[in-house]
Each structure stands twice: as C-alpha cells, then as structure tokens.
C-alpha cells in the first residue's frame, strides 16, 4: 500500500504546487507566465501521446490546438453578443470536442501507416489548414485572427475572469484533469497497445490488434487534449489567429516534447516549463534568442536523445545504488568550465552582433571596439573548452564507477 | 475433422512462385512439423496462414471458415497465434507487459480506454501464470529488448500461447539456441502446447522427431510427403531430396 | 492569350527544373539513407548566401564554382558528425534532427548576414534579354538557369546509369541492406552522397539567388515543396522526381496565369450564391489564390491513394 | 514506484532552481519600477522574418530619446526616458504575450507600428485591459499601422495614430497618378491580407472617381510571403498592357515583385508604400531608378531645415549602417513629451487628453495636428521617386534614395471620420 500512498502523494503534490504557485509569485507577470506554461503543458503532453507513446511523428499537431481555439473563441463571441448562454469553465471542453472531431476526420485516413508517411500527411494537412485559414477569413479572421471577450459569462465561484489570476485557477483545473486523464490513458489497454504498436506494429497485428485502430484512438485522444489546450489559449489571450495552427506552432510543440524527453510521461511537462521560461527570460534580453534555441535543440537531439527527463532518469541506477554523491564532484569539475565556455561563447556572439558600441550583458560591460574584451572572451572560451575536455574522462570514469553492476551482475547476452 | 485445411495454395512474388500448390489438412490436437530445405517456402506458408501475405490462389480454411483476404488481426482473433523466426517482440515494453498485451484481446479488453490495467487482478494473475510457465517470472520488470536471446525466444513463445489460441504456429522456435537451451525449449513447448494444435517449422531434426506426431516435407513450394515420423524417415524420396543430408549433418 | 500560355510554360519549366535540382539530391539521400532531410532547402539558402558573399570580392563566376563546394563540404560534415550520430536512434530522431538543423541554419544565416534582403545581382555577362516575345523579355539569365538545370539532370543521369559509383548508388537505392554485403564502404558512400546532394542544393541556391531574392526566408518558401516533390515523385525514382518537379512548377505557374476560380466554375454550373453567404470566401476563391496550396493537396491525395508515389516502387 | 518517487524528487530540485531564477528576475524588475526613468515600451518585431523593420524603428526611437531629451537633461525636471523593447515578432499571438509582459512590468505607454493586424490586436487588448483595470490604463501610440479602421469604427480613446492611414495616402497617390495623362491602364497587385485588400479596393474606387478613363486591367492578390517567383504574375501584367502598377507589398514580396518586373523588361512606374530602406533600396539599386515611387510622410530629400539635417547626420554618425527610416517616431516621442510637460506627469488619461487636438511643429518646421475626434494625425504627405540625383540622405548607403516629386499640405489631407469615440469618465 506504500506505492498507493506515494501515488496519491505525487498527484496531491502536483495539485498543491499548481494551486500554491500564484500565492508565492503573485505578480501579474508571474501569473501570465504560469498561464502560458499551463497551456504549453497540456499541449506538449498531448503531442507526446502521438510521438512519445504512439510513435507518430506529426508536423501538424497545431491544427487541433488552433481549431479548438477558434471554436472556443467563437463561442466566447456568441456569449458576448448574448446569442448563447454557456459557462466559461467549459470553454476548454468546446476546444476538446473540436480537436476530437478534427482528429476523427484526419485520423480516419492518416493513421493507416506510421513513420514517414504519417509525418508527411501531417505536414500536408498542417500546410493546407494553415493556408486555408488565411483564405477563409469569415471563420478564421484572416491574419488579424478572431477575438472574444471572456468576461460575459456567468461568474464562477465569484470569479468574473477580469484578471488572469481567475483564468489561472480555471486553467489549473483543466491542466490537472487533462494530465490525470492522459496519464491514466497510458495505463489502459488502448494506451498500452499504443506503446506496443509504436514498438512493433507487425507483432501487434498478430496478437489481435489492428495497428491502425490503435493509432487512430491515440490520434483522436491527442487531438482532443490539443483542443483543450487551444480552448485554454482562447480563454487566456482572448485571441486566436492563424498562427495558432500553423507550422511554427507545430514545430514549437515538437521542440518542447523533444527537449523535455519523449519516452517519459513527465518529459513534455519539463520541456513546456523550460521552453516557456526560456522564451520569457531570454527573448527580451537578446535578439539571438532563436539562435540559442536552435543550438539547444540540435544539441539535445545529438547528445540527449531522451531529453532532459531522460538525462535525469539516467541517474536512477546510480541513485538506487546510493552512489549518486560520487558524481557530484566530477559534475562540478566538468560543469563549471563548461559554463565558462558557454557564457564566453554567448558573450562573443552577442558582442559580434551588438549594434551599440558598449554591450551590457550578464552584468558585464563589453566594448565592441576594444581588443581587450574580445581577447578576454576568447581566452575564457578557450580555457573553458580546454578544462571541460580535460575533465571529461574523469567524469566518464566516475559515471562508470557509479553505474558499475553489482557483484551479482547481469546475465550475459547471447545473440 | 481438420482444424485447418489448405487447398491448392499458391503464392508468387512477381514471376517467382514460392508456394506451388500446397494441399494440407491439420487435425485438431495434432502436433505437426513442416520441414524442408532453405528457401522451400516454409516461412511463406506461415505468413499465408497468419495473414501477413495474401495467397495468389487457393484456399485456407480454419474450422471451416475461409481466411482469404482477412488481415492478421482478424485471423488472430479467430484463434490462430504465431511466433516468428526472427525475434519479434515489443522491445521497450517490459517482459510482463509483452505477455499482458498478448492476453488483452483474447481476454476481451479490446480497445477499451476506460479500464485501468493495474486494477484488472484476473488479467495480471493470468499474465503471471504465463510468465511462470515460460520461466520468466523473475525477469518480469525488465524491458524485453534487454533480456538474453534465449529468454526472448521464450517470451516469443509465451506471447504465442498466452491468448489460449487453438492453433499455434511456431516458426523455428529453437533457432540460434545452444543444445541445453534447446532441450529446455522443447520441454517448454511440450508443456505449453498441451491440448492445442501445433504447427511448427524447424530445422533441428532431433527436435522435430521428438515433438511432432506428423511431419510434412516442403520442397520448392510443394509438399512431397506427409505422414508419421517413422514414415517420413523411411521415405526414400524425402531422403533423396532433403532428409539424408540433414540427418547426416546433425 | 497565347503569350500568357507560352510564358507560363517557360516560367513553369524554370521553376520546375530548379525544384528538380533540389529534389534530385533529396531523393537520392532519402532513398539511400531513409532520411527525409528537412534542412535540404537550408543548404540551398546557404548556397545563395555564400555565393553572394564571394561575388562581392571575386565576382559571380567564382561564387558559382566555390559556393556549391563549400555547401557540399558542410553537408558532408553534417552527415558525418550529426546524422550518423542520431541514426542509431531511428528515423524519427533523424527527421527531428534535420528539422532542428533547418531552424538553426535559418537563425545562423540571420546572425551572419543579417535580416535584410541581399543585393545579389545577376552577372553583367548575362544581363541582357535572350529574346522578346509579345513584348515581354526572357532574360539570358533565365536561359542560363534552364541550361544548368538540364545539364545537371543529364550529368546525374549519366553518372547514375553509366559509372560504377552510380551503379552502387542505384543498388543502394533499391536494396539498402544489400550493399553493405558487397564490401563497399557504405558510411563513406553515405557521406559522399549527402555531400553531393547538398552541393546540388547549394548550386540551385547560387543560380536562383539573384532572381528569386536572397533573404532569410528563402529556405522556408521552398522547403516543404521539395519534400512534396520527392514524396509525390516516388521513393527512389529520379525520373519520378523530375516529373513531379515539372508538374508542380507548371501547375503553380498555370494556376496563377489562369483567370479562373469558383465564380467561373459556379457560372458554368449555373449556380448562384448570395454575396453575404457565410461561405462567401469559398465561392469567390480563385485558382491563383490557392496556387501555393496545390502541392500539399496533391501530397495528401497521393499519400492516401498511392503511397508509393507516381513512379515509386517501394512503399515508404 | 521507487523510480516515480526519485523522479518527483529530482523534479522538485529542478523546479526549485528555476523558481529561484524566476524570483531573482522578478525582484530585479520590481526594483526597476520604483526608480527614476520614464519607461516607454516599444513593441515591434525584433527577431524573426520581419525583424529588420522593427529593429530599425527601435534604433530611431532610442536615438531620438537620447538625442532630443536624455542628453539635454531629461524630461519632467530631470527624469530620463528609457525605451523598453518588447519583441512581438509581428505576430498577433506574441503581441498578446508581450502585452501581458508590458502590463506586468508596469509600462503604461506602448509604441507600436508594424502590421495593422498587430495594431488591431493590441488595440482590442488595450481597450479590454483599460475597461477592466480602471486607474491602470495603458496608452497605445501607433506610429505606422495604416488600417483606417483604427481611427474609424474601432477608434479608441487610448489609441493615437502618428501616420496617415491607407486611404489618406491612396488619396494623395491617386491624385498624383490622375495628373499623369500617359497612364491609361492600371494594374493593382497585392498581398492577400487586410492591408492589401484595402489598397486594392480603395485605389480602384478613387481612380474611378478621379480618372474614369483609366482602365483597371488587373486586380490581383497573391499569398503573403509564399511566392517563390513573381514572374508568372509579371507575365499577366505584361499581357494586360498596363502602363503602371500599384502595390502595397512590403519586405521580400516587394523586392521580388519589383525584381521580376524589372527583369522582364517592363518599363512602367511602380507605385508603392514600402519600397525603400532596410535593404530594399540597395537590392533594387540602379534598376529601381525613376521606376519606384512611394507615398509617405516626412520628406527624405530635400530636407527643409538644418535642425533635421543635423539630426540625420548625428544619427548616421552613431549608426553608420542604418537610416532614419521612421522620422515620425521622433515626432511622436516629442509630442508625447510635450504632453507630459503640459500635464506634469505620465498618467495615460491626462496624456491622452493633452494629445487631443495638439498642434506641434516638427523638426522639419511643419505644423502637424492630432485630431481629437478620432486621434488621427494630419501632416504633409509626399510622393517621392527612387533616384540618385539630388540625394543628400541616401538609403542603405547605396547612393540611391527618395526625392519628393509631389507634396500635399496637411490641411488638404484631412478626411471625414466615422469614429464615435467612447470616452472614459473620471
């Protein structure tokens, strides 16, 4: 029963953190970030149902997010003009239903195959819908999008939704419920078979399951939750535009899920948090934000194929054996020079891009025309790279020592 | 009455005909082995029965029902399960999950997304029983891709028998095993297929003669002989075509 | 309007053959390595930018030679140190990697060259009208583009069908797993093919840059179209890629040239809809407006009804 | 189960680190809020495909703040102006995010210019915010978005436009075209979005009024930012025997269209709104000479006053690679500062009242008027030609620049408005 208690504790903790966040950070700014994160979490988790759990690489997942958002915002408009009476709390459900319907339609022909064929169909559908959204301005509002006001519904528990904080508490409800359902889905026959089909669709056929149906169910579920996220977006920003369903948004959710870690349920949550924070903390301090994001993404694909969650989980074995502490010093020895290298390199990039003669960055004042600041940065980068390279073998040894099998050992693998 | 009957079965890929008119009837409860030289079409025959390939001509009937043009999952649901020559499992799922997945459809769970697997005590007990049977109870939590090869073969077998199918097709169940492992596997096969109909493709003659009560010899897509082990051993045609060299090799 | 038809055909050919230069490299890479290189058009963009920078100092013709070489080397490095690394994690990881690379290259180009459009000019030698038809000039540079593209197609065809390397590559396309058994250094062939494929994309960039505008969005505009061509043409089929390229080039060109749309179609059918209908946007749609969408429509249809593509032999 | 627990622990550690970073960044911002400078937001694309327009605007605004005010002791008795960049990537969605950020950071005045879609989105967001948060209103100073709707049916007390709107500009442009007797056949082509549609409909309507004999031989939309090669469109222009082209295109679509027209040997004037600066002038080079014409405010050449010439020279000295692309940013900032000095503070409501019907003399010596009934500015409008003759201040350091061919004084640009402004009560 210990595991059951832990499980309740984990979910209870998740809910508590969600509810307590605005108590700790109560600035308008913080609430606005939390709302953004909440939307990103649901969206990224829904994407993981496709790629992480079901093995379907989609380049058009924003279609369901965007369509959900558009329907939701149209309902808001109907409420505003009193053509319809509806609860604000259920707006994300409108988004979800739209995502589900769109998922059923597209899924009916796109889930026949996984792999490249699926990826290409999703790309084609994504481009088609994005282009149509600019052509059919009646529904999509052209490049200006559609706007609706969330304050015309009946008040809910005394919340009139004038402030983003009200939206946050509503979002918490939906994020929690969506996370819970998406987690539980992975424990159902359909969810488990999605993993099986991802691993080996042929074998799944020979134990009685149609790979296509299994994919179709995951696809519809993913569309539904993407639509819920879209509905939340509509509520929070009161604006939905063609950008919400185009390739850029689809790419961003892929980035989130991948950087967070595809194979783990918690991965996309981590990815959504990291990317939202990065976007917020960095985008206004540097014009090179997207360049850094690109570098981070490519490096993640190259060196952390299982994302940040995978990186954390890599330490599970050492942790279980109580050897994690042995890694602390080597990590520090490699990490600090690496940090020096990264910071120097970033400063170099910023300096070469600077339009002002003096660049204020990371607390440093660097003169663009002074050889000294260039030399200092190059030296810093060189030193950092050198020390990192020097300490890597030590880290590797420490890693192997921490993960060395115990005396009993694993069985030999014959092949 | 035959549980499975093949009549005039043919399969060609482009101009090459691999199965050239096979007629075969398998009796309920029989342990049937198909032997033959490499490239005789043994695996293709399995693929035709299990629905991976569609026949070019001829009929396949299972308990009187035609299997023509049915997709693999339909055929499986009728009660035909199979294993593969090359290990074919779900590598990232645990050993336990692999078996449980194989049990899902036959236990009536189908595509349900409202029932939680962890709560289904009966299903989990059944999974554990299968794991006990195939001797993998101790490896239940390990990802299937990471266990030893012979264990994967046992898992492959476990997935084939898990659903309680009436007809089981085993494609070279002991390929790549050492002698002791193979002996163990034969025991296992005998135990787990008790009371069921079994068709197997196998190269190792000792195992064939140990397990099978009837043998068919497939050469270049045709069945040249079919009968009890003793008959086959005595059949001169078989000896010429195949058995002689195989036996002398062994 | 015969003049519109003639020029629409010429324009379609120029665009189509340009697309083919990109698609040919992509299709060989895709067929051999199973990698749909999302960043292929980014190499095209790099070609244009490198050639622009070189042309500032050494003139257009040096850029024409050097830029594709630089791009090819870059491509080979990407294959060797990037793709090969992610290869072990499967095709999804590869696709995601090239997707990230496309994103990164676009940002890097903006970092090094800035966000403005670049003043990359056609060489003086080719700055004259080749011929004038119905009052419209067909510039010598466009003729040059046509010549180069056709030359590349013939050259590629010769190499693939006549030379030993070509035969190995063809074998690798149709039987990817067999070639390793023949004792050829497959990783080296992969790197070389990737390098040559990206160099071809770079060459396309060099010759397209001056007429199609050199700016950071130029890869995005072409990127997914090239994909579409490879899939529509069919896996492993160079002639398929050629046909699909011309098809898409001409289709888009004719769609713009043709003054037809829903209003004409409805008139033909004798139907009439009120102007304020909610679906008004649909009834007033014309072909030119949807021209850029047509390839994607075609892509989805082909994938649903003929997953092997027009000329492909293998399922993808 | 153990691994779930360990995961939870790892995550909580991970989260706490991020929360520390967050908290640090917030407290830093909270401190900044109490300090001296007057903080003004500048929201425009600073990254992404449209960044060059936004960054050049930001440079001009920052320079104007330093040059005109900060270097002369600041405003309101010694406070400095601090420009806070807000990067919206020219996307209405990102605009929503950045607007919340501006609110969170306590900014009360936001400059924004590029894309009417963004301006409309911001206008709606500002209006909503101000209705829901009385006492914390935000002022939107639009320096470049020209969709008439912003000062017509969607006009707002909190929005001021410091640029002539599209219909005003087209009115001047069509007057100019109407006087050219050589033009008999006009082709209109534009990007398929709201501004493109406004240009198409308005120019067709105005030309029909002013010169019924001009035949509109084509009125075409192309998808925005997706056309690889404009030659097929140019083929249609050639086939139509047009004498002139009107286009509202901007960015790469403008360059590609002009290039294709030039490459096809078609020698006809091209009337535009945005075909200069940010690399466009350099890219078109000699080919654009005497072909490209622009309608805009603020003459680029000749410049009437020494004061403004000096502003340009000093700007060029500080930013050799850039141009004063949006001189009206300096004008808008100066008018805002004048309103601040008049009211003695930075309260948006008071500022809005002070800006209404303000008359102001710009660096060029011309008097402009901010109409109180719809918050639309009126100033002289120019039609200029791209040339290298008589150019004192070129664009993109290319030797080419804009030279005024025709100008209309402010009072003649005044148009009726349908604005019914809802004024908040205090």
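Labels for the chains are A, B, C and D, by order of writing; each one numbers its residues from 1.
FYI, a residue touches a chain if its C-beta (ideal position, glycine included) is under 8 Å from a C-beta of that chain, and two chains touch if they have at least 3 such contacts.
Keep in mind the model is a prediction, meaning the values are calculated, not measured.
Each of A-B and A-D has its own count of C-beta contacts, and the greater count is at A-D. Ranked by how far their CA centres sit from the centre of chain C, the chains are topped by B. Our note on geometry: chain B versus chain D, Cα centroid distance of 73 Å, whole angstroms.
Once the centre of each chain is set as its mean CA position, chain B and chain C turn out to be 48 Å apart. Distance between chain centres (mean CA atoms), chain A to chain B: 43 Å. Put simply, the C-alpha centre of chain A and that of chain D have 34 angstrom between them. Annotation for chain A: residues touching 2 or more other chains are 131, 135, 288, 290.
Taken residue by residue, chain D touches two or more other chains at 51, 55, 192, 223, 226, whereas all remaining positions touch fewer. Applying the touch definition to every pair of chains gives A-B, A-C, A-D, C-D. Every residue of chain C that touches chain D in the complex is listed here, in rising order: 1, 3-4, 7-8, 11-12, 14-15, 110, 114-119, 121, 129, 132, 134-137, 139, 141-142, 211-213, 215-218, 221-222, 225, 252-253, 256-257, 288-289, 291-292. The residues of chain B lying in touch with chain A in their complex are 50-52, 71-73, 76-77, 81-82, 84, 88-93, 97, 100-102, 104-106, 109-118, 146-150, 159, 163, 176, 178.
Residues 51, 55, 57, 59, 109, 113, 115-117, 119-121, 123-125, 127-128, 131-132, 135-139, 247, 251, 254-255, 258, 288, 290-291, 293-295, 297-298, 301-302, 305, 349, 353 of chain A are the ones touching chain C in the complex.
For chain C in complex with chain A, the residues that touch the partner chain are 34, 36, 82, 85-86, 89, 91-93, 95-97, 99-101, 103-104, 106-108, 110-111, 224, 227-228, 231, 278-282, 285, 289-290, 292-293, 296-297, 299-300, 303-304, 307, 316. Those residues of chain A that touch chain D in the shared complex are 2-3, 6-7, 10, 13, 17, 24-25, 27-30, 32-33, 36, 131, 134-135, 142-145, 147, 149, 151, 162-164, 237-239, 241, 243-244, 264, 266, 270, 273-274, 277, 280-281, 283-284, 287-290, 312-313, 315-316, 319-320, 355.
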